[in-house]
Amino acid sequence: MINSSVDFQGVLEEIEDEVRPFFGQGKNADYIPALSDVPGHKFAMAVQTVDGETFMIGDAEENFSIQSISKLFTLMQVLGLEDVDIWSRVGREPSGTAFNSLVQLEYEKGIPRNPFINAGAIVVTDILASRSADPSRRIDDYYRMLSGNPANKVDEVVALSEQEHGYRNAALANLMRSFDNIETPIPDLLDVYFRQCALTTSCVDLAKAALPLVCGGYSPIAQSQVLSGRDTKRINALLLTCGLYDAVGSFAYKVGLPAKSGVGGGIVAVLPKHFSIAVWSPELDASGNSLVGSKALELFTTKTDLSIF
Amino acid sequence: MINSSVDFQGVLEEIEDEVRPFFGQGKNADYIPALSDVPGHKFAMAVQTVDGETFMIGDAEENFSIQSISKLFTLMQVLGLEDVDIWSRVGREPSGTAFNSLVQLEYEKGIPRNPFINAGAIVVTDILASRSADPSRRIDDYYRMLSGNPANKVDEVVALSEQEHGYRNAALANLMRSFDNIETPIPDLLDVYFRQCALTTSCVDLAKAALPLVCGGYSPIAQSQVLSGRDTKRINALLLTCGLYDAVGSFAYKVGLPAKSGVGGGIVAVLPKHFSIAVWSPELDASGNSLVGSKALELFTTKTDLSIF
Amino acid sequence: MINSSVDFQGVLEEIEDEVRPFFGQGKNADYIPALSDVPGHKFAMAVQTVDGETFMIGDAEENFSIQSISKLFTLMQVLGLEDVDIWSRVGREPSGTAFNSLVQLEYEKGIPRNPFINAGAIVVTDILASRSADPSRRIDDYYRMLSGNPANKVDEVVALSEQEHGYRNAALANLMRSFDNIETPIPDLLDVYFRQCALTTSCVDLAKAALPLVCGGYSPIAQSQVLSGRDTKRINALLLTCGLYDAVGSFAYKVGLPAKSGVGGGIVAVLPKHFSIAVWSPELDASGNSLVGSKALELFTTKTDLSIF
Amino acid sequence: MINSSVDFQGVLEEIEDEVRPFFGQGKNADYIPALSDVPGHKFAMAVQTVDGETFMIGDAEENFSIQSISKLFTLMQVLGLEDVDIWSRVGREPSGTAFNSLVQLEYEKGIPRNPFINAGAIVVTDILASRSADPSRRIDDYYRMLSGNPANKVDEVVALSEQEHGYRNAALANLMRSFDNIETPIPDLLDVYFRQCALTTSCVDLAKAALPLVCGGYSPIAQSQVLSGRDTKRINALLLTCGLYDAVGSFAYKVGLPAKSGVGGGIVAVLPKHFSIAVWSPELDASGNSLVGSKALELFTTKTDLSIF
């Protein structure tokens, strides 16, 4: 087992020291108070190995806002459903522009480029919403099943704030609806979408919830095969090519792991067959990814020489 | 008086003959039944001179759906208000692309290129809506004042249909709201906007209502100065450069009059100091303008040698 | 005769006073020394009436660089040829973006939006170049015929500088060639194009050369019908909708005359059947049009109440 | 050693059978005769393992046109140079649009999104061209060193054809030059670029030449460390996120290997620490990648369960 030779705890401790100079270079998300008010120098990491070991540093059990990382879990949930043809409604290519641009969506007739840009994630949520009486609860339950933590709940203040600042997402949903790529009534759909982004979670929870991407679709937490092996590989490929907004290339280049980020400052990444890793640090870089979190993951793959490349 | 030498009635009758071969080359708007069901070969024209004469041909007193021509009258209405700085919220340049594109709106930070594309017209309506308890009624009253016809009313079936197919306009409004360029709650605003587009009018009404653009801002129907002379010239300039969707250049080239069209098949045009002219024929060309109507106006300015150029 | 009641000379003198506060607000074109080195506070105007009168103020007989105004004269020259179908190779719609953008050209398969953006002007020159052994000389001769001034010559220093900074125009030409919309070998074509932009002329020359657009296609200078009446109107329409880069709407709104500008600081405008007018002032506004020149023309149409609207 | 348990030869033979139904579904590149005239049903594969073993099927030693795969080797060559800051002149993000689009290049001020789109590859070649007296020869020598085959030569007929159809690349180069991102005189630069694309090679050569990406930067053929371990990983990351034109996402999703394709029908892919693999089949899919080649690689990673995910 390649993992056994690595001193994960020691590596995490080294990283905690080495990222310090980078605090203050990024900036909290500032479009809602609930995100801008989080102390900017928060830092936590958690590693979950395929062997069942957990390593952590910092406030790895403290909750933060999952934000766009929720897009990964709704995608997993949809791919676990039967009789869903998601790929006729969402593409699988990087977007090549800012993550919420309407331009490509219009040129490509309401088909979002991939499930990790906002428009694509809204379509994924639409699939869940059109098949459930209480889609918000269903999304939360799925995540709690994967993390094993019943305390992962929607922060209602955040959900409300998102709603109040969600005009761009409303524009995306309406544009897609004009191309017949949305089924759920838009206010209902956006309510579900904003709630999924307002879920609270910790680094430890995130690392656990991502384990199916490490274990060929099996969740050791839920003790259940939640994805096929084939879909697991495909999600990892999508994460690598589309998971980091407009910084996928740089992230693949520097870190070399499939990953998903959120503007709450979280990033979760996986090395298939080896480990999942989550990091949290609220200050964001110009691409909207955690600045210190990205640096920490780069240090991690450099120090351990563990990446997919 | 240059008009007196022209046999307007004779010219209209010649045109009625000469446009016949063009029926069937265009296609009714088909996104709502109320427009697609109108007999395609309807044809009417009305000329209103500065001297108070009216000339008409065809069903010039039959009502049709005003659609985007309403954008001209809401703009006139806003420019007649005091203390409104519309030009900080809407540009005055041609859009250069399809009339409802979101692309430029996004690149230009939610400021529509001009008041005659949908986004710009929605901002104009927003100005009226944010200053009135019953903006729909106010818009209708203004038009009835200019046309002198109290029978110009909203077609409720059309208004409802617009609402049901208005997702793209909802996308525009939400996008502009995300840039803080919309004040009115969006469902309320769109309701007003869809209602103004569903106003019914005739060629004779339209020609009368456009007279202020002929008479330096004075409405001989309302017997009132509704616009300054300066604003009147400016609206005519805007019509010429922005009034015909993505065909302003061709229209200026062929017809040479400031004009505004609607997908109901109406077009209203003016020659300042001389006359206003309205035409109605429901079949549209690829740019969304009345195909036979455009041809009729081209014949009119060719035959009379009356244009601004 | 409406002109006879206007004191043109008095108006020009008033304008000369009133534009003074605007010097220094714009900025000379700076991409080539020959333009950036021109004294910024130069100012001249010339009016040429349909009755043969000339009025002028400032250095109205001093030469400056014609630059993009040459596009107007090559278009006139091509439209005066027989058997040329220019409109299958160039559109007639405003561009809606910066004047040298490649974006629309690519989306529209190498067909430029109109003959007054660089790409369109290059196609117009291509038509002349593919039909003549010495196209540069032919272009110069045509302009000299219209201005009546054999001293209008290419400034070889400017022509060379253009060549050295013309990579963007080379990109346009190559892109259009990839869509089979250019025939002449590109280095030869660009040489002709850069030379036409380097022609030197004065306000008086420009106002005379534009007279065919005032006189239904007849040049009183050349004593020759150089354009059909129909094409004359059409060129005026194109000027109004496309002649001022990305400021056509504002210019039509403020000035209300068909016009063409150049980055040398010149603008020529016409009121059909009445007069042509040229202005020169080297400092440009953000749209690349003479700032003081635009202001002067606005004052002119306001003071005389003469515009097409 | 994971490879030892896989029957590579047997897998290649199975694939040769299973891809047969896909012949005729794609279409040879048709912009130059030298590519359109290649028999469409050609098929070859070669695998080169880290242990020095070679497996092959079909005409694996027959030469074809390397085309865009050359972009991989010029990038490797530039990264092997000292004192070159390539990343200030080329980005590392997927382009998200067709591979030769000018749009993003203009919006991003002449900085191409990555070194594998044409614009980016031209900048890479510019770096080589500006540092060498005979850059074409230097590029060929580098490739021959990596493949170990002195017979890899430029096909002069193809090079000439490229030149004659290279107007779009000339547009790209001129546009970048206008942003000061090209140093070499453009005709010289394009000559070098078109020659590198006209290099002929075989599957066996390609698989050998790609071995440094498998072996941490060491070429067992040249017996030389040609790249640092760090740059090797980075190139693999760039290949995965940017190597397949507008199909990187789908390719990562289906195949899961860093790879580079060319319109000659070749694709080369690597699994770091394990093997390189090359495939050749001239018929292309809508994205410009070998249709049968992509299918063959998908079958290969499915059958062997060897991919980076």
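The chains carry the letters A, B, C and D, assigned in the order they are written, with residues numbered from 1 in each.
Quick note on the criterion: contacts are C-beta pairs under 8 Å (C-beta built on N, C-alpha and C of every residue); 3 or more make two chains touch, one makes a residue touch a chain.
Nothing here was measured: the structure is a model prediction, and the numbers come from that model.
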{"item": "Which of A-D and A-B has more C-beta contact pairs", "value": "A-D"}
{"item": "Most widely separated chain from chain C, with each centre as the mean of CA atoms", "value": "A"}
{"item": "Centre-to-centre distance between chain D and chain A (centres being mean Cα positions), rounded to whole Å", "value": "32"}
{"item": "Centroid spacing, where centroids are CA-atom means, of chain A and chain B in whole angstrom", "value": "48"}
{"item": "Residue numbers of chain A (touch at least two other chains)", "value": "none"}
{"item": "Chains touching one another, given as label pairs in label order", "value": "A-B, A-D, B-C, C-D"}
{"item": "Residue ranges of chain C in contact with chain B within the complex", "value": "91-97, 104, 113-114, 232-234, 236-238, 240-242, 246-250, 252-254, 256, 258, 272, 307-309"}
{"item": "Of chain D, residues touching chain C in the complex", "value": "101-103, 106, 167-168, 170-172, 174-175, 177-178, 186"}
